[in-house]
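The letters A, B, C, D and E name the chains in turn, as written, and every chain counts its residues from 1.
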Amino acid sequence: MGIFALKVQNLSKKFGKLSVIEGWSFDVKRGEKLTLFGPSGCGKTTFLRIVSGLEKPTFGEIQISSQKIGMVFQEPTLIPWKNVIDNLRFVRKNDEKIRNILKKMNLSSFETYFPSSLSGGMKQRVNLARALLINPDLLILDEPFFSLDLATKMEIMKDIKRVHEKIGFTLLMVTHDVKEAIYISDRIILLSPRPSRILKEFPISLKDEERDFSHSSFITLEGEFIKEILSRTSKI
Amino acid sequence: MGIFALKVQNLSKKFGKLSVIEGWSFDVKRGEKLTLFGPSGCGKTTFLRIVSGLEKPTFGEIQISSQKIGMVFQEPTLIPWKNVIDNLRFVRKNDEKIRNILKKMNLSSFETYFPSSLSGGMKQRVNLARALLINPDLLILDEPFFSLDLATKMEIMKDIKRVHEKIGFTLLMVTHDVKEAIYISDRIILLSPRPSRILKEFPISLKDEERDFSHSSFITLEGEFIKEILSRTSKI
Amino acid sequence: MKTLIGIVALLLAWQIISLMIGATLILPTPYQTFEALIKLFGEVDTFSAILSTIWKSFLTLLLVMGIGIPIGVMMGSNDSLYEFIRPGVMVIQSVPIISWLALVIFLWGIGWRGPILISFLSLLPTAIFTSASGMKNVDKSLLEMAKVYNVSRKDVLKDVYLGSIMPFILATFEVSVGSVWKVMIMAEYLCGGSGIGVLISWARQYVDVPQIYALTFIAVIIGLSTERISRFYAKKAFKKWEFSL
Amino acid sequence: MKTLIGIVALLLAWQIISLMIGATLILPTPYQTFEALIKLFGEVDTFSAILSTIWKSFLTLLLVMGIGIPIGVMMGSNDSLYEFIRPGVMVIQSVPIISWLALVIFLWGIGWRGPILISFLSLLPTAIFTSASGMKNVDKSLLEMAKVYNVSRKDVLKDVYLGSIMPFILATFEVSVGSVWKVMIMAEYLCGGSGIGVLISWARQYVDVPQIYALTFIAVIIGLSTERISRFYAKKAFKKWEFSL
Amino acid sequence: TLINPLGPTTIPISPLMDGKVPTAFPINVELWKNPDEALALLNSDKVNFAVLPITAGAIFYTKGIKIQLLGVYEWKVFYLVASKNSSFEGWNSLIGKSVYTPNGRGQTVDVLMRYLMAKNGVAPDKEVKIEYAPPQEIVALFRSGKIEYAALPEPFVTLAISGGSGKIVLDFQKAWGKSMNLPERIPIAGLFVKKSFAKINSEITSEVENAFSSSVKWMNENLEGALELSKKYLKIPLDILKASMTRMNFTYVPISQCATEVSTFLKKIHQIYPKGMPILPDEGFYKP
């Protein structure tokens, strides 16, 4: 595998007669930040589930060099009968680190809350905290910023980038938000509707200082990208 | 109540010692489209639950003139052992209308799927379809476009506006997306972090043709609004 | 397949234990039981007894599910009702049959009604309590959804509650189908006019132990196969609930 | 409070039925039973019998929960194991006690072990099957999460499975606590050396029907109160599971 | 209608059931398997005559079921058996051992045995353990050699010792007679009539009594025939029945000739174990 964290070759997935993924091929380097971008139901979650070993491909091959996978599920998937801190302890029993991450996520005073008394965004933050807690070498994010307000989202994104610089995990993200995608990733893969093929790869060659929602290079890139999407998807 | 769909007077809500909502007061006219905008955990969902009768206020008063409430929950809340069409039949037994709405939501071929085999965005679309199915006079949307790609989102937003013009329901929406908020609503209420108060009311006086993400008035308004938010929330 | 291995293992264990004990009057070997079985099948009485036990058990199951589940559902959906009915169910559950056997015989005589009543009352509490705890296990968010959409009580019961208690009902059903034979035979033994239990009581009169075991064996076989059949149909009928897991 | 009303209603029903039947040898009135009760409490035998029944029941419950739940958990988490063990459990479940009473007496004699074994075996299948169906009811997405995070099998069992089967275990517990008395008394009646069931068998010998009902009444009272107490503690111990609903 | 326990006691009555003895009117016989049935039947209006153990009849009487004893017809049934490797030379040989006896405290043979033990200087419960179990289980365990001593009624005695697994070591009837200075027999079961019925139907009553008595007589004269007749009611193999019949004694004795014997017996039972028979039946129990 060498410098690659992930090699995908001609990957296909069918659920019964429903063909979801059709012949995807691409590689992901170690430490790369990749975003999958595509219409609802095109197989993004399915792909992430294949990567994390929860689903088997129908055809094709996928090679993964990662050991520790942190995954932010599209639905928070918290254990309902455990409070926040116990939910985190479930994946790693290190209270110091847990408290640290909860603080960053602005959840310190909710340690003993059960998931049913958390707001949607708070659950999502616990979900994120869990993924970061284990110091993953592959971080999988399936719409991680759902229900988060702009300020919270910005802070968390910055934090993810900071950790990335420090420990250099590989990042696989799914999002429907163009800004998020451009802000975080080194490359965006654009997918077609189901049965889904890879439409285009979009390298994001922004410098660090250009990664600012109001920077002109950012806005230009955003415009181009949106035009590209809209031109490709006449119908959803 | 007259022309009002909703009158909120000095509304407060506490969960135990946790004060969530503090002295909210505002009225909503029949047919008005209102968006609540505020940080994660500030009590937006709680407020919507009070409006729909699922939660009782601790202090203050709320008057509601609506009879038929359609609600898009923050989590899809579909019945897991019923397929898509049966989930919709659960709230209204009118197959013609159900098929119609499913078609608009691009879900026609998934009628007989169970929620567990739907993608996140598909569940959310069923959730939306259910709310529209009953011809509500009050439509409550709690982050309705979660997991929807841009194109799908646009189409659904347009559809909501179309139906609104036809039957004129009152709309109460929660979102973290500035564009969505401006695109849809007549007024935005900006909320502070918990314990949450009303920070400011933002009337959106855009004409129909200005409601376009790339129209200059839209972009101006968006910029102003973002500045307003960021200035108010130094810390989340 | 694995079930088959399980059954073979069981037979083996039986053979070994009976050899170890070495007293056929305490535990006859499978072979002796088999001989007694053959002899039993030579008698026409045996078949009518089996039929009698089967239809009584069937009726009992029907009654247990048909009466127990609605009562459990009612108890589970209303706390006051729960507290009110519970003592009665508890009494049924904790009073040994022998204490009121005379009452049953007095009211129903020796015949088919006594055994049905006794087995019904033995299985009823479990059915009631299990469906009641199923009701309390319902996903609250689904109930809230139904409330907001003003769904009729009937539909909520049918579509939300029924679905949630389904695993509990299936568990009850499995337990009831499994134990109805034991309970029915015991009841027949005590106050039955016909059935396997009555045959056992006769065999016990003169301590014909292999025959007792042969009759028991018949009961077990019927038990295992009805459980099979009913599981098959239950699975089919409730297939959609499988999807949700 | 509502429970109290329920109990009073029950007593009233008893009084009315016994008046209707008008044969105190078949169903004594509550008053006669009460008299017999007073008499019973004058005898020291009664207390030692009650104690004997209580500790045996307690031990039985412990055994049922301690052995039945782990077996159920194992069966529920492995389909092959399930199919393999099921026939054995089914046999225990469907073989009437009278069929193997001699075996029990042979193995354990007349005394405390026989009744415990019999009641244990009576309650075990329900405990096993209920916890097994609890295991099958586990939220698959939580298991997937645990898999991705490489959580140890032990922790998954403890934190995910245990939590999911908790409602089922509570249901089992409730059912077992409720019926252990009935089962224990029946077992004592058949092969016990001491206990309420033995006293009932003696009272039956000399047709002292009010005494039989008085002893039954004691059993019911113990049953109701232990159920109360155990519910209280169970609720406390599993309080966190309440939050999740 | 006459009710009769299902068991060996069916044999003396089978001639009656099969019309082998002439009766002026049909007598409908119902067999009962357990005491609850008897109780329930006696409480219903359709039953007027009953064959019951004397002790059971006496207890029913004192509990308010007004029945009268017409006559005793079963006199021998209880024996002490010992397994083939154990010996019995007087009650002393039981010291430190266990004796099994059916069902529970207060059973006739239990009371008798305790009485005889005490009389012979052996303390029951202390020196000899008395264990109670269903008779079928006692037989099974005895024949398997797991029980040394058992005090049983017929036909369990025969079942227990068949196949040479044990022997009879004591005839309770004899022991009782000796110690009481009475004939060597015990009034075990008899024919009862409902008092209210007997009062207005004295003719029918004596007719039934006669029929019953002739049925017993018929059986004693044609044992083979009676066994053959009872085959369809009893599921016990004929040879066992036959052997056990030799140890039982069925002779119908009208109450006028055995009232003292019965009352002595009941008095003694009452004396030894008052809990089992708290009150003795008064004069009305015996049909004058």
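To be clear about the criterion, a contact is a pair of C-beta atoms (placed from the backbone, for glycine too) under 8 Å apart; a residue touches a chain by one contact, two chains touch by 3 or more.
All figures in this text were calculated on a predicted structure; none of them were measured in a lab.
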item: Starting at subunit A, fewest touch steps before arriving at subunit D; value: 1
item: Same-residue or different-residue interface between subunit A and subunit B, half as cut-off; value: same
item: CA centroid of subunit A to CA centroid of subunit E, Å; value: 87
item: Separation of mean Cα positions, subunit C and subunit B [Å, integer]; value: 51
item: Whole-Å gap separating subunit A and subunit B, where each centre is the average of the chain's CA atoms; value: 25
item: Subunit C-subunit E separation of Cα centroids, rounded to whole Å; value: 38
item: Sequence positions of subunit D contacting 2 or more other chains; value: 23, 25-26, 102, 106, 204, 209
item: Residue numbers of subunit E (touch at least two other chains); value: 39-40, 43, 136, 140-141, 144, 146
item: Shared interface positions of subunit B, touching two or more other chains; value: 75
item: All touching chain pairs, where touch follows the definition stated at the start; value: A-B, A-D, B-C, C-D, C-E, D-E
item: Touching residues on subunit B, where the partner in the complex is subunit A; value: 15, 38-41, 44-46, 74-75, 106, 117-122, 125, 142-143, 146-153, 155, 176-178, 226, 229-230, 233, 236
item: Complex interface listing, subunit E residues touching subunit D; value: 35, 39-40, 43, 56, 59-60, 63-65, 103-107, 131-134, 136-137, 140-141, 144, 146, 275-278
item: Subunit D residues within the subunit E interface of the complex; value: 23-26, 101-102, 105-106, 110, 190-191, 193, 198, 201-202, 204-207, 209
item: Residue ranges of subunit A in contact with subunit D within the complex; value: 52-54, 68-71, 73, 75, 77, 79-83, 86, 90-91, 114-116, 130, 134
item: Sites on subunit D touched by subunit A in the complex; value: 141-142, 144-151, 155, 159-160, 163, 166, 240-241, 243-244
